[in-house]
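To start, I am sharing the structure in question, which I have written as structure tokens.
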Amino acid sequence: MVQVALSLLLLPLLSAGITLLFLRKYGNIAALLSVASAGGILAFSSFLIFGKDSDQIFSWSTTWFQLSDWELSFGFLVDSPAKTLLFVVSFVGLLIHIFSLGYMADDKAKARYFGGLSIFMFSMLGITLSDNLVMIFVFWELVGFSSYLLIAHYFSTDEAANASKKAFIVNRVGDFGFLLGIIITYWTYGTVNLQELSVTANLDPSLTSTMLCLLLACGFIGKSAQFPLHVWLPDAMAGPTPVSALIHAATMVAAGIFLLIRIEFLFTVEALKLIGLAGSVMGLYAGFCALTQRDIKKVLAYSTLSQLGYMAAAFGLGLPGIALFHLMTHAFFKALMFLGSGSVIHACHHEQDIFNFGGLRKKMPVTAYTFLIGVLAISGVHFLSGYFSKDAILLGAYNLDFVIFSILYLGAILTSIYMFRLYFLTFCGETRSKSSENAVESSVFMTAPLIVLAVLAVFGGFHSLYPAQIVEYLLPDISRVAEMPHHLWMNILGLFAWVGGLLFAWKIYGSDTQSKDPLELKAPSLFQLSTSKLFFDEVYLFYVNRIQDPFFRFLEVMELLFISGLMVRGSAGVAALFALLGKSFYSGKIHHYSFWFVLGTLGFLAYAILGGGIS
Amino acid sequence: MEDFLRFSNDNLWSELWPELTLALGAVLILLIQLFSNKAATNICGRLAVLFQVVLLGYLLLDYLLIHHTFDRSSFSGMLRHGFQGDLMRTFFLLASICVSILGNRFLLTNKLKTGEFHHLTMLATAGLMLLCQSANFIVLFVALETVALAFYPLVAFDRSSSKSLEAGIKYLIFGALSSSLLLLGIVLIYGVGSNPGAWGAISPSTNIGMDILSFEFVGLLLEANQTNLLLRSGVVLVLAGLAFKIGAAPFQIWVPDVYHGSPTPITAFLAVSSKAAGFFLLLNLVNGPFDSMSEFLLPLFGFIATFTILFGNLAACAQRKLKRMLGLSGVAHAGYLLVAVMASMHFAGDSDRAVWVIFFYLFIYLFASFIVFGVMGIATLKDDSDHEIGHYEGLLQKHPWAAISLLVGIASLAGIPPFGGFVAKLMLFNVAFEAKLYTSLVAMVIGVVISIYYYFGWIREICFEPKPHFDDDNEPIDPWTKMHQLGLLKLLIITFAVVSFVFGIWQGPFGDAF
Amino acid sequence: MDFHQILLLGSIVVPLLSAVFILFFFLNDSCRAKQIAYFAFGFPCAAGIFLFVNTDPYLTGYSFELLYERMGLQSLGITFHLGLNGVSSPLFAMAGIVGLSACIAAINSEAKRLPLYLALLAFMQSGLMGLFASVDIFFYYLFHEFALIPTFLMIGLWGGRDRRSIALEITIYLTLGALISLGGLVALNVLLDAPKFDFPSLTESLLTDGLKVGTQQKIFGLLLFGFGILVALFPFHTWAPRGYETAPTSVSMLHAGVLKKFGLYGLVQLALPLLPAGGITWGPYLMWLALGNILVVGAITVAQNNLKSMIGNGSVMHMGYCFLGLAVCSSLGASAAVMLMCAHGLSVSLMFLLANYINKRSGTLEMNEMGGLASQTPILACFFAAATFATIGLPGFGNFWGEFAIFLSLGEYADNRLVLGLAALGIIISAIFGLRAMARIFYGSKSDELLSFEKENKILDLNIKEIIPASLILLPLLFIGLWPKGISEGIDVNISSRYQIFDKGDGNLGLPSCCPVSVIEDSLPESSIQKSALEEEEK
Amino acid sequence: METISPSHYLFLALCLFSIGFFGVLLRRNILLLLMSLELMLNGINLALVTFSRTSLNLDGSIFVFFIMTVAAAEVAVGLALLVALYKKRQSVFSEDMNLVSN
Amino acid sequence: MNLVDILFYLFATLSLGGGILMVCSKHPVSAAMFMIISLVGVASLFVLLEAFFLAVLQILVYAGAVMVLFLFIIMLVDVGPNAGKTSKMKLISGLAGAFLISLLIVSFLIIVQSSGWIGGGANWSPIIEGAEPVIGDNLSFSTSVKSFGYGLMTKYMLPLQISGFLLLAAMVGVIVLSKKEEQDTN
């Protein structure tokens, strides 16, 4: 098993290394190697999931780093949530690798792209398998790094340059808290190993503190782009679309939720409540922002944010299993939609504005229908995958916390509105630009993953269809929710939500639409509010440009003035002054000099007369 | 009559053979100069060097093989010989050889008489040797004045230069002034000492007959009369006289002017030998006759040392004329050495460690100074006094060996590892710390840091590419044209550079001597 | 003298002799000088790595000891004593690696009067190797200064803007620091009166004799500020960025990477284990000064526009972490600081090396005038990204472990948590300046300046001659990052054995209570003595 | 015996010394400066003789002998210097001696 | 007040007055004259102190040789009074000098007074004729020149020889400084 886990981890690293060192100029070989490694990953991970003692938790560790009393081990912990994520990562990962073959076919820097993907797979698997917080942190940073690399794929555009920088720095802010959290956890519990932590935390509940939980949750906030660190994710869409699908929708951002699940036992009630509330608000807020986005990927990005808010809310409600469940289904349908959008973008020669699309359903049917499945799934249409997980969250919220429920429900309505808006604008109606007129269906490398994902988006909600190992962690919470009352009532409310959204979207966007957003004409103030995204970017920009940078420059000037100037130069100046004074004594005149002798003699005699301890 | 004859019993002239040989050699040189034809006057210079080298060789042989360096006295206790005195003899002889070598170059370029120069140099050296062995104030005074009277004409030796003459006059006036201070001090001490009523606790039976002006008696006298104002003033005035010699504040004021005007070899002679003699004398006094006054003198010394260090270094910073700068840096070095003297006063009875530090320092200072002055002596300037930092621009490109040797010399003076100067300073720090002279230590640290400015400012000129000159009208004359026929001087400079380096990492016999 | 000892001595002597050789015989033959230089730097590098591999990490004393009693002043206990221990051997190897890389960079640089340049660099290298190999404190100090003189000359001869005044300023500043620390060292030597002036003997005599708490505090203060100036402790740091900006690449690499570690090495090996009470007294103040390094200098780094001055400021900022590690006075913190020293030495020299490459390709160091370089120089961009991420502490590179362990050591006591929080802000700050530089130099569209430069000069990617020195540094950096245990073992064993003093802690003070080795207690409050007595009774 | 005590002589001697010193301070003429130095030495001589006479010790008197020798030699050298300088500069005033200065 | 006292005061006035006038006189020649007066005054004091040999030496060496040398040089260099160069600075420095010198005299007074010499702490003892010429390592005071001779030739042989060399050095020095330079003639 250890060998399997190790090779699982090393395979993508090896692929990345080989690509980086030898295959920089041979993009196609690099692509194949990378896809092969992704396939290998799937194989190895299924071996890990379904292996011999699969019903037991597999853990193994060895010392990696040791200083003083502190010992860090390099270890694996493959328990039930890990298995779920492992499945999602390796499976979706493979599909996206295959999709990339088509999508990136013409890209010059293919090797760099696939190398980056491999590094990402390596780090993501690392997070999944890690058995302690520090290791998680290590891979946490590494996924950030690979995300940075991949966002910056089109580095010669200023957009990508800024977005990659922003993504990493904002993530660092989250990691800052995470790091502090880990350190304080170590000194509180005496270990960072997850299993030992859970034991200790259960033994002595008094050790837990809300502060600590929130610090650890900072990691989640940064990586999962939750409020107030959500600003990087929409910008991160500057990267290639498959990357958005893999990293910024299906796996990496979800790692935040996975982290929460891993350390669930540390959380206090207050912390959970806070996270739940923040998550639900995020769900609503992101949906609101998504309403008026013109960029197809940004709509999806905000939708991702919103869905991540749902997961956080589920976790906050004390239903980590449901959160993981939604993570899984979301991975399927969101990856599906991103890949679909990728297919569209690819077909339309990198046109991303949805108002320049239209009527693509006829030109690229596979993409259109699979995309529709995704839209339906995310909107919570009954018996599609999204319905199960999302309804479970809503039902749980209804029974556990009504405030959260009402926010989430509003969010659900918004979800279906903006999703159908997206669908209608892109695929229905007439073509609105040249690039979309010339669009043709994408190659099989791209459509095949779409179809697979569409199937999963349809059936992925039936947990009983999955092998037991994968859904082991979900089951208790699913059955807990299933036993909750008001199930029917919730079904009806759900129906209202998605049908209402559908109708609303149809009313506004369904008919013939020009390049201007109809909502802007009908409710301009609302539109303004939505496009402004509640001024978060402006506030941050203001902070960076008007407060941080001037302050730093001010510090520089102060250093120049006080340390360099006053302290260093000042003392040199004083010395120079004395030097000039000393020099001025040397007039070269004998009668001036003899005064020194008189004064010296007088001084010596005065010392003899007055000084020196006459006893 | 027999009473008097008793005194001549221990007039052991053989004890003074190096001094006598040197003095006779000096006379011999003068005679050769007198009776040789003009073309052969160069012979005098070579003969002087050869003579002194042979003497030094014999002296060293004598010490190393025949080895009679036990403490003894002669001339009715007027001289005391011992290992330290012998060491100083070699020190002065070494310095004298260097001065002669430098002098030959100087005299050749300035077309001056060689015989008189070497005569005076050797006489001065003999005087310095005697000075360091004197144990009686009269001998001390007479030897001191002999040295001074040989120095006055040497400083003014380049008669064609007004600056040299002017420096000579200044040196003479202030030398005379300071020797009157010294004399007054001696007289006051004599005044008390000769009065049996003031002897106080000195037991008359054993000491009644001791020579009043001998160090030994003065020591006893001071011990018995620590608070006598007359004695205190005497002691302080004697120290004032010596402070002039070593260039310690506030009697340092003459230093830059005299160094500036005198011929380069004599500047070196003043900087090394004269100063070393002053220090040795000071050590002899504060650890000998003035030992019992240590407690009284230490604060005074502390003040002088601090003031000297800071003044010397700060004033040197503003100088671009090299000789003045070196003079002022010499003042600062005197300050450092004064700290060691203080330390030796602190370790009453166990002062050898500090004394050895001073010896080591002086030797290192000798090597470094002669490297620096030697290279300066190579430069051919219109006026020998006008060495400026600017003359050294780009020396590294023109003459690497000279530049590198000079760098070693400067670095050693500045106390930069791995050169001897650093080890000397380290030992100084060590001793000062042991003696708990914290204030002086702080002053030393500040002083060394300030000194980096002017030393490295010089190094900068030597090594770095010269700044572009904008006024092309007065293109500086290249002083580094006559580099041929250096011979001995080149050998001297390079040897000393190597020695400075070697002492930085391997102290050899000095390692054990402490 | 066995093989290892020959290597140890050789790594100091070979560069020294080569320098002399070049200076005397090949001053005008740059081809021959280059060949000698390869040997002069290759030997210490190989020897350093070989000795590092062969050092027994579980030996608390010194391996490969080499002792010449007759060299040095016996009265001060100075001997010529070489040896490597767990702390010094990685630094020793690091010095060798950076040295070789700097040498290749120098050979590539086509500087005027290359043989002289190489000779001076070899002198410096000899000093650097000697510095970490010295057991004797006098020679440790001497080698440092020995390496400093060439620095002065090289900055002055081959430096950039304002080189004349900056060379002098740096030298004065550093001499001040060196002298203050020398004061502390002399004080130690005098007060302890150990038979030898080296690390083990001093430790031994301290254990037997002990120093009063007040004395320890004073000496520690001297050492701290003396070394602090040398390591650019806030607010004595202003020399560093200015100097590195001006200095030629190889000098910046060696100075920032290796020579600057002198002071920290002194604090780790000497000041903290020998003067625990001093460490504990000064620790809290040091923490705030180190925060000054991290936050203030970090902020200033962000505001920099010149690439080299940004790297210089950044290196000063990261020195703050090392100081933090020392300030907590625990074996964890100290070992972490050593880890960071090793890694930082590599990463910062790599940065300077790459800055030089960038300068060659864009003709400027002002980041405003750059942009979009990555399209032509992908390999350079890769290296620069690696160096940047190493600098800002990405896991996988050595720096991360050092920084992380330092944070960890800070978290031990609740009183330090505020400091911990503030210090951790540094990871954000360093990310900001690192990524900004990356984006401004390599990403985005090409600047006008670059375009006009490109008209005259063809911009090529790194060639193999340039890749080798860069990868020479990058590989060990990755090695430390991926297998930290490789160097942490030796460091840990060595430091833990000498930092036991700090481990008997007293949580009430927020810091371990000082249990000074001394039997003489003059300023310890009575209550704490009683408390410790009570604790003993309880046990 | 007499009302004039050795102290009177001593004080007189010191006054002579001080006046000589004053001359060194005051006079710009190097010739007079040298004379003032001689005056100082005279004061010292007087003190020495006084001490020698008081304590009936001849050593002091012999010391005076040496001092006189030295003083004479010093004056000779000093005057020679002065004459040499005068030939060059046509001045014996200390104001004019500022060639060796900053 | 007996004769010796009167003589003391007379000679003291001579020497001091001569000194002061020497220091203050404008013309160098008159200064030299006052200097001679002062020196003669001191010589007379030597006589009062029964140091006859030294008194003679003082007259011969100082008043005779040295001062004549001075006068020669004064004539040779032909300098008049330092006229026209009186400036404010000179006045100020003169005043400052006077102040400092008076401080010096005051401190000398303190020293002399406090050490017990004034007020007859030590007093004249008569010279014992025919006493031991040598007491221990010291020579006893004597008015005879013979004692001087013995002392110089035995105990002070070394300093005497050194002063011989001293005079040689001075002589060579004077020659160096004043001999006509050969290159001038060439």
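Letters A, B, C, D and E mark the chains as written, and numbering starts fresh at 1 in each.
Please note the rule applied: contacts are C-beta pairs under 8 Å (C-beta built on N, C-alpha and C of every residue); 3 or more make two chains touch, one makes a residue touch a chain.
Quantities reported herein were computed from a predicted structural model and do not represent experimental measurements.
Taking the definition of touch as given, a chain qualifies here only if it contacts subunit D and subunit E alike; those chains are A, B.
The chains touching subunit B as well as subunit C are A. Top-ranked chain pair, ordered by C-beta pairs in contact, is D-E.
Taking the mean of C-alpha positions as each chain's centre, the chain lying farthest from the centre of subunit B is A.
Using CA-based centroids throughout, the chain positioned farthest away from subunit C is E. Comparing chain C-alpha centroids with the centroid of the full set of protein C-alpha atoms picks out C as the closest.
The centroid of the Cα atoms in subunit C and the matching centroid in subunit E are 70 Å apart. Inter-chain spacing, taken between the CA centroids of subunit C and subunit D, is 65 Å. Taking each chain's centre as the mean of its C-alpha atoms, subunit A lies 36 Å from subunit C. Averaged C-alpha coordinates give centres for subunit B and subunit D that are 26 Å from one another. The set of subunit C residues touching two or more other chains is empty. Within subunit B, the positions touching two or more other chains are listed as 138, 142, 145, 149, 152-153, 156, 159, 168-170, 173, 177, 188, 191, 195, 211-212, 229, 233, 257, 319, 324, 453. Contacts with at least two other chains are made by residues 93, 97, 100-101, 104, 108, 110-112, 114, 117, 121-122, 138, 151, 156, 159, 163, 166, 170, 173-174, 177 of subunit E. Touching pairs of chains, sorted by label, consist of A-B, A-C, A-D, A-E, B-C, B-D, B-E, D-E. For subunit A in complex with subunit E, the residues that touch the partner chain are 591, 595, 598-599, 601-602, 605-606, 608-609. Only residues 1-12, 14-23, 25-29, 31-32, 34-36, 38-39, 42, 45-46, 49-50, 52-59, 61-62, 64-66, 68-77, 79-84, 86, 92-93, 95 of subunit D touch subunit E when the two sit together in their complex.
Note for the complex: subunit A touches subunit D at residues 583, 586-591, 594-595, 597-598, 601. Per the touch definition, subunit B reaches subunit E in the complex via residues 1, 3-8, 11, 23, 27, 30, 38, 75-79, 111, 113, 116, 119-120, 123-124, 126-127, 130, 138-139, 142-143, 145-146, 149-150, 152-154, 156-157, 159-160, 168, 188, 191-192, 195, 197-198, 208-212, 214, 228-230, 233. Taken together, the subunit E residues at the contact with subunit D in this complex read 1-2, 4-5, 8, 12, 15-16, 19-20, 22-24, 28, 31-32, 35, 38-39, 42, 45-46, 49-51, 53-54, 57-58, 61-62, 65-66, 69-70, 73-74, 76-77, 79, 82, 85, 90, 93-94, 97-98, 100-101, 104-105, 108-109, 112-113, 117-125, 127-128, 138-142, 147-148, 151-152, 156, 159, 163, 166-167, 170-171, 173-174, 177-178.
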